[in-house]
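Think of it as A, B, C and D in the order they're written, each chain with its own count starting at 1.
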Amino acid sequence: MQHALNTQPELYLARYRAVRRQTEKLCAPLTPEDTVMQPMVDVSPPKWHLGHTTWFFEMFILQPHVSGYKHFHPQYAFLFNSYYNSMGSRIARSDRGTLSRPPLQDIYAYRQHVDQYMEKVLADTLLQEKPELAAVLELGLQHEQQHQELLVTDIKYILSCNPLLPAYLPSPATAVLGLFSEKQPQNRWLPVPEGLYTVGHRGQGFCFDNELQAHQVFIPAFEAQAAPVTNGEYLRFMQDGGYADFRHWLEEGWQLVQAQQWQAPLYWLQQEDQWFQFTLHGLQPLDLAAPVTHVCFYEALAYANWSGHRLLTEFEWEALSQKYPNPLATGNFVESERYQPVPAVFPAEQPYAAQLLGNTWEWTYSSYLPYPHFETAPGAIGEYNGKFMINQMVLRGGSCATPQNHIRPTYRNFFHADKRWQFTGIRLAKR
Amino acid sequence: MQHALNTQPELYLARYRAVRRQTEKLCAPLTPEDTVMQPMVDVSPPKWHLGHTTWFFEMFILQPHVSGYKHFHPQYAFLFNSYYNSMGSRIARSDRGTLSRPPLQDIYAYRQHVDQYMEKVLADTLLQEKPELAAVLELGLQHEQQHQELLVTDIKYILSCNPLLPAYLPSPATAVLGLFSEKQPQNRWLPVPEGLYTVGHRGQGFCFDNELQAHQVFIPAFEAQAAPVTNGEYLRFMQDGGYADFRHWLEEGWQLVQAQQWQAPLYWLQQEDQWFQFTLHGLQPLDLAAPVTHVCFYEALAYANWSGHRLLTEFEWEALSQKYPNPLATGNFVESERYQPVPAVFPAEQPYAAQLLGNTWEWTYSSYLPYPHFETAPGAIGEYNGKFMINQMVLRGGSCATPQNHIRPTYRNFFHADKRWQFTGIRLAKR
Amino acid sequence: MQHALNTQPELYLARYRAVRRQTEKLCAPLTPEDTVMQPMVDVSPPKWHLGHTTWFFEMFILQPHVSGYKHFHPQYAFLFNSYYNSMGSRIARSDRGTLSRPPLQDIYAYRQHVDQYMEKVLADTLLQEKPELAAVLELGLQHEQQHQELLVTDIKYILSCNPLLPAYLPSPATAVLGLFSEKQPQNRWLPVPEGLYTVGHRGQGFCFDNELQAHQVFIPAFEAQAAPVTNGEYLRFMQDGGYADFRHWLEEGWQLVQAQQWQAPLYWLQQEDQWFQFTLHGLQPLDLAAPVTHVCFYEALAYANWSGHRLLTEFEWEALSQKYPNPLATGNFVESERYQPVPAVFPAEQPYAAQLLGNTWEWTYSSYLPYPHFETAPGAIGEYNGKFMINQMVLRGGSCATPQNHIRPTYRNFFHADKRWQFTGIRLAKR
Amino acid sequence: MQHALNTQPELYLARYRAVRRQTEKLCAPLTPEDTVMQPMVDVSPPKWHLGHTTWFFEMFILQPHVSGYKHFHPQYAFLFNSYYNSMGSRIARSDRGTLSRPPLQDIYAYRQHVDQYMEKVLADTLLQEKPELAAVLELGLQHEQQHQELLVTDIKYILSCNPLLPAYLPSPATAVLGLFSEKQPQNRWLPVPEGLYTVGHRGQGFCFDNELQAHQVFIPAFEAQAAPVTNGEYLRFMQDGGYADFRHWLEEGWQLVQAQQWQAPLYWLQQEDQWFQFTLHGLQPLDLAAPVTHVCFYEALAYANWSGHRLLTEFEWEALSQKYPNPLATGNFVESERYQPVPAVFPAEQPYAAQLLGNTWEWTYSSYLPYPHFETAPGAIGEYNGKFMINQMVLRGGSCATPQNHIRPTYRNFFHADKRWQFTGIRLAKR
C-alpha cells in the first residue's frame, strides 16, 4: 500500500476519531438483536464489523508496536480475525452469526479500550519516527471505511430478510431522497480516442496495493454513456422478457437465473402491478429515473447484450474518467444519508461530465487480476488483496454507501459475478 | 387429548400465571442477542419460543372464542406459527434465526397483551360453559411446558456454540450441583415377569393423544437396571474403543460416527487428559457418578451392545414403572435449577425403586408409532402429534429440564435417532 | 439363520444350479452397457450383482473351508463386498457405477470359476460333516434370490432413466400380462378376532435371523381387505387432490411430496389424459384393476388416511395370513415373467382367501425392529440383518419379482419410508 | 469463426474422413461398458462424444441444407445436443452417464448414416456454391478434434476411477515413452522486450471466434522460461511443504486444497516412497524430467509464487511465441500416441526455441474474456464460445492429447481454475 508522507499528527488524530465515530453512528439505529444477524455467509453481523475494525488496530499497531499494551480479552483475536492466516486460527466465516456473546456493550468497551491506546499513539511522535507505521494506520482507517460500506449493505440485507421489512431510518421527505423524478435524465455518448493510457495509481495519496504499479495500456477508441442505466431502462429489459431469453446471458448466469427464478434485481417487489424497492428507509416506490442497482454482473451483462451495447473494461472506465473528470463534491455518497442512488444530473456548465463517482458501483467486464509488477507485501498485510485475485469482477466508482474521502478513479472494488447485495449497477459502452 | 373435568377456574388462573411466569424466568438470564440465535435448524431462538407459546393461546382460544379480540400485530400469526398447516403460511423453520425484529420488548408486550385477555377469560365462566375450551387451555399450558424444556436445551446449545463458552447461570457450589460424588451408585437388576400389561394413559388427568388408547400388550419376562448408565460407565465404553468398533453400531449410526468424527457425547471436552462437560453453569469437570446424557439413540444402542445387554422397549419401560413406581417428589426436574442429571440415590427404605422420572430421558428401542385406536383430532390440534409418527424413537421418563407436574410414566417423548441436544440417556435391560 | 437339517446333497446341487442359472437368465436381455449403470445410489449395476452373489460363496464357503482354493482375482474381494465391515475394505456403495472393468465376460468367468469349486463341494460329503456349512450354503442361495429380486427392480429403474424408455423384454400379448381387465375385482373385509398370536418363524425350514424368535403378541380385533388397493382406487385418490392436501400426510412425507413435486406413483406417466406405466415390457396403458405398486410408505399411508382406513401392523398381517392362508401356487411371482402385478382373483371355491403372497409387497405401519430374543450371529454373518434395524418400515408378502420358493408369511422385508423403486403396494385395515 | 476460402473439395473429403476415423480409432481399445461412464460431471461418456460429434454435422449441415435428409433416430437430437439452447431441449449434462442405450453399435451405425450423407455433400458442388457452409463444415471438423482431446482426457479419468487401474493401451517400451530421462533438461530465461504487440488471429486459416479481432496490446518487458516446469521441480515444491503453506495460494485455492486434502497433482500415487503416475499406459514411475501436468490453476500459481516467479499472461505467451517460434513438427501431439508429456529437448541448432506447442497446456494468469470487437455469431453457432466468458482461465499451447493440425499460437483454451483432468502445466515468467 502507499500513503501520503509527512502528514501532521494532529490531522491523523482528527481523522481517526472521525472514522471511528462514523462506524458507531451507522450502528446506532440497530437493536442489539440486529447486530448479530448473518442471514447469508457473505454478510457479517454488525457487531462483528464493530469488533473486527478494532481488532485491526490492535493487532497491527498496538500489539506489535506499543510496549505494555494489554489485550482487552484473550479470545478476541480468535473472534475478530477475518481471513488473515498469518494471524492465527479464527472463527469460521459462516459461524460469525453464532456470536450472541460478547454482548454489544462489551464490543463498545473494546472499541473504547483500543481507542484510548490509539489516541495516545497518535498524540505521540511514534508515527513521525516510523513512517511505515503511519502507512499501517492509514490502512487501518481505509479498512474501517470499507467496512462502513459493508455495514450499510449488510444491514440492508439483514433487514430485508425480516418478514416485517423494517426501516433502518424513518422515511425522509421525497425531496430529500430525490425520488419520483418527473423525467428521465438525458443520457448521451461520450467518445474516448484510441491510445496508450496510463492506468493505476500515481502521486502521493493513499492507494491499495492492487492499484499498483501504474502502467500503460493500449485502448482502442470507444464511446461510453455519460450516466448509468436507470431503473426505467432496466424495467424495459424486464418487460421485453430479458430474464426469460437465454440469448442475452452467459451460461453460468443463465443457470443461476433459472435456479433462483430471478425476475428482477434484488430488493425489487411487485405489488399489484406497481414496482417497489426495499430501501434503508423501508419499502419505497421505484424511482424510474434513478440508476438501477443491486444487479449482479450476469444481469449487467445480459442488459448490455439486450441493449445492443456492452460493458466497459476497467481500463476503459479509467480512461473515461481521465477524459471526463467527475467533480467529487457532486457525488451521492454515504454522507448524504440517502443510502440509495439518485437520478443523474447534467448541469449546463458541465456538458461532458460522466456521472462516475458515487451513486452505484459499476460492473466492468474485467476480471480482478494483478497489475504488472504487482507485489504482495510481506506478512499479514500481504493477505489484504492479492489472494483474492481469481473469479471476481472489477467494479469502479463507489456508491451511495461509500465514504466520499475513500474513493478515487483508480480504486478497484471486486465481487463475484453472482453477488447482488452491494450497490452495483451498469454503464454502457459501444464501438 | 384428554383433560381433567370440573377443574375450578381459580386454579386455572393460578396455573396459567405460574406457567407463563416460568417461561419468562427461564429467559431472564439471556442477552437480547441470545434470544435470536438459531445455530442449527433443530434449535429455535428463545424469542421465538416466547412468541410461539403466546400465539398458541391467541390462535386457539382468543381468536376463535373471544369476540372483539384485537390482534397485537397482523403479522405475528405468520411469524409464530410452528408447523400447523391448518393455520396458514408461516416463516420457514430454518429462518427463525433471521428474526432480529420484532425486538425483545415487543414480544414481552405481546405476552402481556395476550395474558390480559386470557386472564379475563379465566376469570369468566366461559370455561365452565365450554369444557372443550378447558381442554384447549390445558393443552396450551402443557404445550408451553414442553417449550420450557426446549428453551433449556436450546439455550444450552446456543451458548455451547460460542467460543467463549459462556455460562447461563453462575456456577453453584458443588454440593448444590451434586457433582463429584465420591463413589458410583450401586446399580442392580430388577425383574419384571411375563404377562399381559395395560399400557397407555388411563384415568382423569391430562394426557396427549399419543398416549391413547390404553391397550394390552404381551411382554416376555425381562430384567432392567434400577438406574441409568453413568458417565463413568460410558467412559469405559469409550476407553475400550467403543467409537471405533463397527460391531457395536447400527449401520446408519456407524456412518454418522465416522462422518461426524464423534468420540464422546455432545458437550464433552477433553483438556489434558481430564474430561469436562459444558453445562448451563459453564464448563464443569465430568461427574463420573451422574447419569450419562446428551447421547443419541445410536450411541445408546452401541453402548448397550458393547455391554452385552440391550435397551428396553417403551412398553417394557412402562411395565417397569408399574412394578417399581417412582416417587415423583424425589426426581431431579427443572425446578431444581441444576439443569444437569445427578447421581441416582438408593435409600434403604426404597430398595426396589427404579430411578425412572427426571434426570435424563431414556431412549427405548421402540419407534414412535400410533397406538391401536389412535385418533387424530379434527383441525389444527390434529397436527399436534400424529403427523410425526415416522422415523423417530420413543423416550420415556423426563429429565432435569422437564417441569415436574408435566411428566408421567405414560408420557411419550420422541426424537430422531441422531439427535443429541436433549437430555437423553441410557437404561439397560436383559433377558 | 435357521435351515432344514439332513437335506440330501444331490438336492443341494440341483438347487444351487437352478438359483445360479436364474440370475444369469435375468441378465441375458441386457447390453454390456446396461450392466454397469447406477442411476441412483440405491441401485446396483447388474454386473455388480453378478459378482457380489458369487463373492458370497467364495468368501463364506470356499475361502474358509476349501483348502487350496485359488482366488479368481486378488481385487474382487474389494470390488464385490457389499456392506460387511468384517470382510475388510470395499468400494463405496455410491461408486459401484464406476466399474466399467472388469468386463462382463470376466464376471461370467468368475462365476464359472466359483461354480466349479462349489459343485465339487456339493458333490462331496463336506456338507454332511459340517451342518453349519450347509446353513451358510442355504444362506448364500437365499441371498442370491434376494439379489434376483433387486436385479429385476434395479434393471427396471435403470431402463426407466433412459429417455428412450427401452423395454427389457418385448411386450407380450395382453392376455399374458393380464392387463386391461374388464372390471374391478370384488374386494371385501375379512375379520380377525382379538387374541394372543404367535408370530415369527417356527418349524424346520429356512428363515432369516430377523424372523426369530417366534413369540406371542396380543392383537386387538380388526378387519383387513382381502386384496390390495388397485390402480383404479389409487387414481381416485389422485383425482381427489390427494397429493395436494397436507391432511393425509405424515409431515416428512408432505415435505417430500412438495420437494419432489410427486403427483403419482413412480413410473406413472400421463400422455394426453391417458395414464401409462413404464414396465419391463415398455410403456403400457395403466391397468385399473391391478394392484397399485411403486408407492412409498408415505403414499401408502396418505392413501389409507384419505380412504378413512389404515394400514396393518406387521403382526396383524401375519395373523391375517394365519387365518386366511394363501395358496402359494396361485401367486404371481418372478417365474411368471410378467414382472408386473395382476388383478386379484377371487375364485368361488376360495371365498375367504386373502391375496397375500406375490404381486406386490405390502407396506405395514411397523418399524423394522428386533424381535424379543433376537440374536446377532457372530462374525460377518451377523451383519446380514441386525445392523439395519432403524428407520425402516416392514413389508410383507413378496411381489411379482420374488422367487416363489423364497417367500413365506413370516418373511420381513424392509425399506426406508421414501423408497419407491421396489414393487410396493397397499392393503387396508379397519377396526 | 473464420476459415480458409477456395479450398478444394477433394481435400475436404479426405480431411473429413481422416478426422472421423481418428475419433473411432481413439475409442477402439474401449469395452462397451467403458463408453458409458461419467464418473464426474465434467467427463462425458465416450459413446456420447461419438454421438455428439456426429449430431453436429447432422444438425448444422444435413438438416438445414440437404433436402430430403432423413434423421437416423427421432430422439438423437435430444440425446446428443450438448449445450445449444437454440437447438431445443436436451438431456442434462449430469445425466449423460445414464445412456446405456442406444447400444454402442447403434452409435456407430449413426456415424455411418451421417457419414454417407456427408460424403455426398462433400463430393457435390454445394460447398463451392455456399462458402458459409464450408465454414460450418470446417467448424464441425475442428469441433470433432476438440472432442478427440476430451476423449483422451475423459478416458484417462474414467480408467483412473477404477480400482483395477486398467491401462488404455499396453505399456510401450521406455524409449517410446521417453520416460526415465537421465538428466533434467537445461532450462533458460528468454527475454521479450516491451512494446505494442498484435495478438489474436490474422491471416487466412481457420480460427475460433474467440481469437478475433486481432488487436494491439502494450506489454512491458519480461522474461519467460524456455521450457515448462518439470515433475522434478514440482516435487521439490511438494517436499518443501508447498501444499501446507497458505502463503503460496490464492484463498479459493487454499480452501480447495484443504477440503480435498490435495497433496500432489492428479494421478500421482506414492507407493513406498516411490512416486508413480497413472497414465493411459497404466501406472508408470514418475519421469522427473518430463513437464508436470494435471495441475490446476491454483497449483500452477502456488508453484510460481513458491518459486519466486510468476505465470505469464495470455498476451505475454503470444508475444513469446512470436519472438521464439516453435517448430510445430517437433511437438508431442496426440499422433505420437504417447498420451503423456515428454522432456523438453534443446537441440544445439535451435538455441532460442521455447517448447510452446504440444506436451502440456500452460495456464496463464489471464481470464477468458472477449477481445475488443468480439462478436457473437447469430443463431446456435453463437453459443459456441462467447457464453462461457466468465470465471475461466486461458490456457495456451496444446498438449500431447491435441491433434497437431488443430493447434496454433493464437488458440485460446479455457477451463475453471480448479480443473485438473486436462493435460495442464506451468511455465514461469519474471520481470
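To be clear about the criterion, a contact is a pair of C-beta atoms (placed from the backbone, for glycine too) under 8 Å apart; a residue touches a chain by one contact, two chains touch by 3 or more.
These numbers come from a predicted model, not from an experiment.
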What chains do chain C and chain D have as common neighbours? none
Are the two sides of the chain B and chain C contact the same residues or different ones, given that same means over half of the numbers occur on both copies? same
Chain B and chain D, separation of their C-alpha mean positions in angstrom: 61
Measuring from the mean C-alpha position of chain A to the mean C-alpha position of chain D, what distance in angstrom results? 39
Using mean CA coordinates as chain centres, what's the chain A-chain B distance in Å? 48
Touching two or more other chains in chain A are residues none
Touch graph of the chains shown: is it line, ring, star, complete or other? ring
Just spell out which pairs of chains touch, all of them. A-B, A-D, B-C, C-D
Tell me, which parts of chain C touch chain D in their complex? 31-37, 39, 47, 75, 78-79, 91, 95, 97-104, 158-159, 161-164, 166
Note: in the complex, chain B contacts chain C through residues 83, 85-86, 196, 215-218, 220, 246-247, 249-254, 297-298, 365-367, 369-370, 372-373, 382, 387-391, 417, 431
